[in-house]
Amino acid sequence: MSAAEQVAAAEHLVAVEGLHTYYGKSHILDGVSLNVGRGEVVALIGRNGVGKSTTLKSIMGLVPATAGTVVLDGTPITNLPPHKIARLGIGYVPEDRRIFRALTVMENLRTGLDRHGVTDERKRALLDKGFTFFPRLAERRSQAGGTLSGGEQQMLAIARAMMLEPKIILLDEPTEGLMPRMVSQISQIIEVLHKEGVAILLVEQNVPLTLASSQRVYFMEKGAIRHHCMASDLDVHHPLIKQYLGV
Amino acid sequence: MTATPIDKPMPLKTTKLSHTAVFWIGFAVVMAVLVVAPLVLPEFWRRFLTEILIWGLLAMSSDLLIGYTGMVSFGHSAFFGLGAYGAAGALLNSNPPNLWLAILAGLGGAAGAALFVAYFSTRLRDIYFAITTLIFSQIFYVIIFTWTNVTGGENGLIFSRPHFTIPFLVDMRFTSMTMHWFVLAMVTGSYLILRRVTQSPFGMVLQSIRENEARTRAIGYPVQRYKIVAVMLSGLFAGLAGALYGIQNQFAAPDFVFFVTSGDTVIFNVMGGIGTLVGPIVGAGFFQLLRELLARLFGDQFPYLIPLGLIFIAMIIFLPQGLLGFARRWLNR
Amino acid sequence: MHTLAAFFASIPFDQILIQTVNGIVTGMILALVASGLTLIFGIMDVVNFAHGELFMLGAYIGVIVIAATGSFWLALVVSSLTIAILGAALQIVALRPLIGRDPLTTILATFGMSLVLQNFALWQFGPTARRIGEPITANFQLFYLTYPWYRLLIAVLSAAIIGGFWLFLKYGKYGVWIRATTQDRVMAQAMGIPVPLVYTGVFAIGAAMAAASGVLFAPLSGVYHTMGLDWVLRAFIVVVVGGMGNLLGSVAAAIFISLLEAYASLWVSPAQAVIVSFVVLIVTLLVRPTGLFVPTPK
């Protein structure tokens, strides 16, 4: 990266520049560039299969990038081992939640707590905060993750990521498969996280929720970013929405 | 008649040799070397070369499973050993000891073992298959070791080398040279047969199983049946190697069946390059040569398996395709 | 009926009693060896062919420590720690580069390791077996027979080690890390768990278990460079019969097989009694290939 690029990158919390990834011979990400500011909620919109989840996974180091850079708070993190990226401050909530089914709710949360330099006090404080945000989880703290309902698992996945005290959370399709009642809860959670100063990179198909929760929106198609604007410029019936999400 | 300008170069006619042509030329060259070798080599190296061929045959049989079907077997010592014991049985019980009967008996013994092992082991995939073949070869070891009446137990069986006979035509004793040529003929024939097999529709299915077993099954192939046939074929040629080894050295010992022999085989495969058929023969040669070299440099007591084992591990990490691996696609066209 | 009665009359009951206890004792050691093996496989997907050699080297280090200090218990601790470190080193050097590759490469790599380690032992210690004495030579009264205390101690200690590890896995801080990694390696990493380190740790623990078994068993058989071979083969059978990756299954299978072998050795020689374990394996493969003691076939 040039000095100017580095300076520009340092201004954003997360800066992704020209990311390319492959799956076998398929070119999945074709030069993705986006950024997320501190405490910002940024949405990534597009049809199924354009590479939104892959973008999140590449940032997290779970999918190797063949070209391009990812910078977190001025530190290049491209292709670092995922556990290091997590500890640097990125929380990942995947599309299928992927909570540890045989571990209890408490143990699921603990996986994010046992890091260097976290005192027992802080651990307890983090747990308390988690349980305050998600009282349902407090009730079920000794239950195995696999016995929770879909909505509760989603909450657990988000709570678990919060235990990392992340600067940014990568949220992949949080409302997928959830009842409408739960969807509004997700909306509230995103708002609370935003108030806490946690940035969010949100991948979502639910347009009203996305527009209500985000500040900026990136439109993605065929592995690249095609358009970018403020969420306030859009509404549910906007032609861009139809263009990039419509059938 | 138009004059050809002097400054225009005459186009050189280059005949591009077809792949088949290059292969057979290479084959002929190698064969020529192997046929002439015993004429120029001293006795020790003559026998050494013959043994490499036999070990190579064993490793080649194993390559059918490892390289083409994707099944790592640690059970080849059983097929090898039973090939040797089968031959021994025939030689000790026929009068005069008949070469062809010995080979047949060896093949039969190995086939029996292969059927038994195949039936149980092919139910499992991958790692489980490898472990169960290992355990089965040990089962055979224990049986042979303890059934002293039939197998000679710990001491094995000793017998004399049969004559080379073609009914009504030839009857002569083997010299180390003619033994070499006989073994060479057997190994070459085996290679050609195995090559034919790997390039046949059957062989294609095996390779498809190696690439993606689930998909092969989904398409409709009875995968387990193919695997059983692959194990049996592999076992047959391993048994041939065993029979030849017994005939060459005139004894059969329980050590043949001990799983370390299987381990050595796998080492030859990996070192030489799996999926090439000839790679394992090269691997066997490489291993034995290194071993001989180390023994000559450092003495007989030198634990040659330590550096050889380290080289083996290093090859797995850094050169997983083996010595001939680079030629794999070319050799299989 | 008459033959049946005659058969029962011919069974030497006191011998059966002794063999029962013997079977349980051997079974517990076998369980300890197999536990390390099934742990490494269940968590890392690695078939550790060098496990028997770690057992053997553990025994040799025990011999050295006892010769230097005279203390059996010190030998047990030092050996376990040393082999744990050796195990970690082996994993880092030879197995970490292979993560993500075809799992069969790890079989080959550990096989290579076993060759090197075994021949190293032969080279350094020679072919003659070493002997170490039992730390407790007293006997106790088992009904109307005498039975050595030490053998009972072996069984108890093995059970304690396995039990201790199980507790660590369930309640310990790093136990959660291990269990999370086993269930979902990718998400474990995304949660900041240093998975490569977890793998090294697990391998080291498995190696330590093998070493401890080696030291515990050494007084019974002597220490020689091929002692690992007998055990690793039986351990593999136990792991397959008990269900690969299933800790409790391995323990149950180990005791089951050892009991059967102990009883069989009343009638046939020990070399042939081992055929019993082979038969159990064949039956398992025919009837329930995922493991005899696995509750539901997966």
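A, B and C label the chains in the order they appear, each numbered from 1.
Simple rule for what comes next: a residue touches a chain if its C-beta (ideal position, glycine included) is under 8 Å from a C-beta of that chain, and two chains touch if they have at least 3 such contacts.
Everything numeric here is computed off the predicted structure, so don't read it as measured data.
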Higher-contact pair (C-beta pairs counted), B-C versus A-C:
B-C
Work out per-chain C-alpha centres and flag the one nearest the whole-protein C-alpha centre.
C
Gap in Å, rounded to a whole number, between the CA centres of chain B and chain A:
55
Per the centroid of Cα atoms for each chain, what is the distance between chain B and chain C, given in Å?
34
Chain centres from averaged Cα atoms put chain A and chain C apart, in whole Å, by 44
Residue ranges of chain C in contact with chain A within the complex:
173-174, 176-177, 179-180, 183-184, 186-196
Residue numbers on chain A that touch chain C, as the complex places them:
60, 62, 81-83, 86-87, 92, 94, 98-103, 107, 110-112, 114-115, 160, 164
Going by the contact rule at the top, pick out the chain B residues touching chain C in the complex.
72, 120, 123-124, 126-128, 130-132, 134-135, 138-139, 142-143, 145-146, 263, 266-267, 270, 303, 305-306, 308-310, 312-313, 316-317, 320
Which part of chain C faces chain B closely enough to touch in the complex?
41, 47, 94, 97-98, 101, 103-105, 107-109, 111-113, 115-116, 118-120, 122-123, 233, 236-237, 240, 244, 269, 271-272, 274-275, 278, 281-282, 285-286, 289
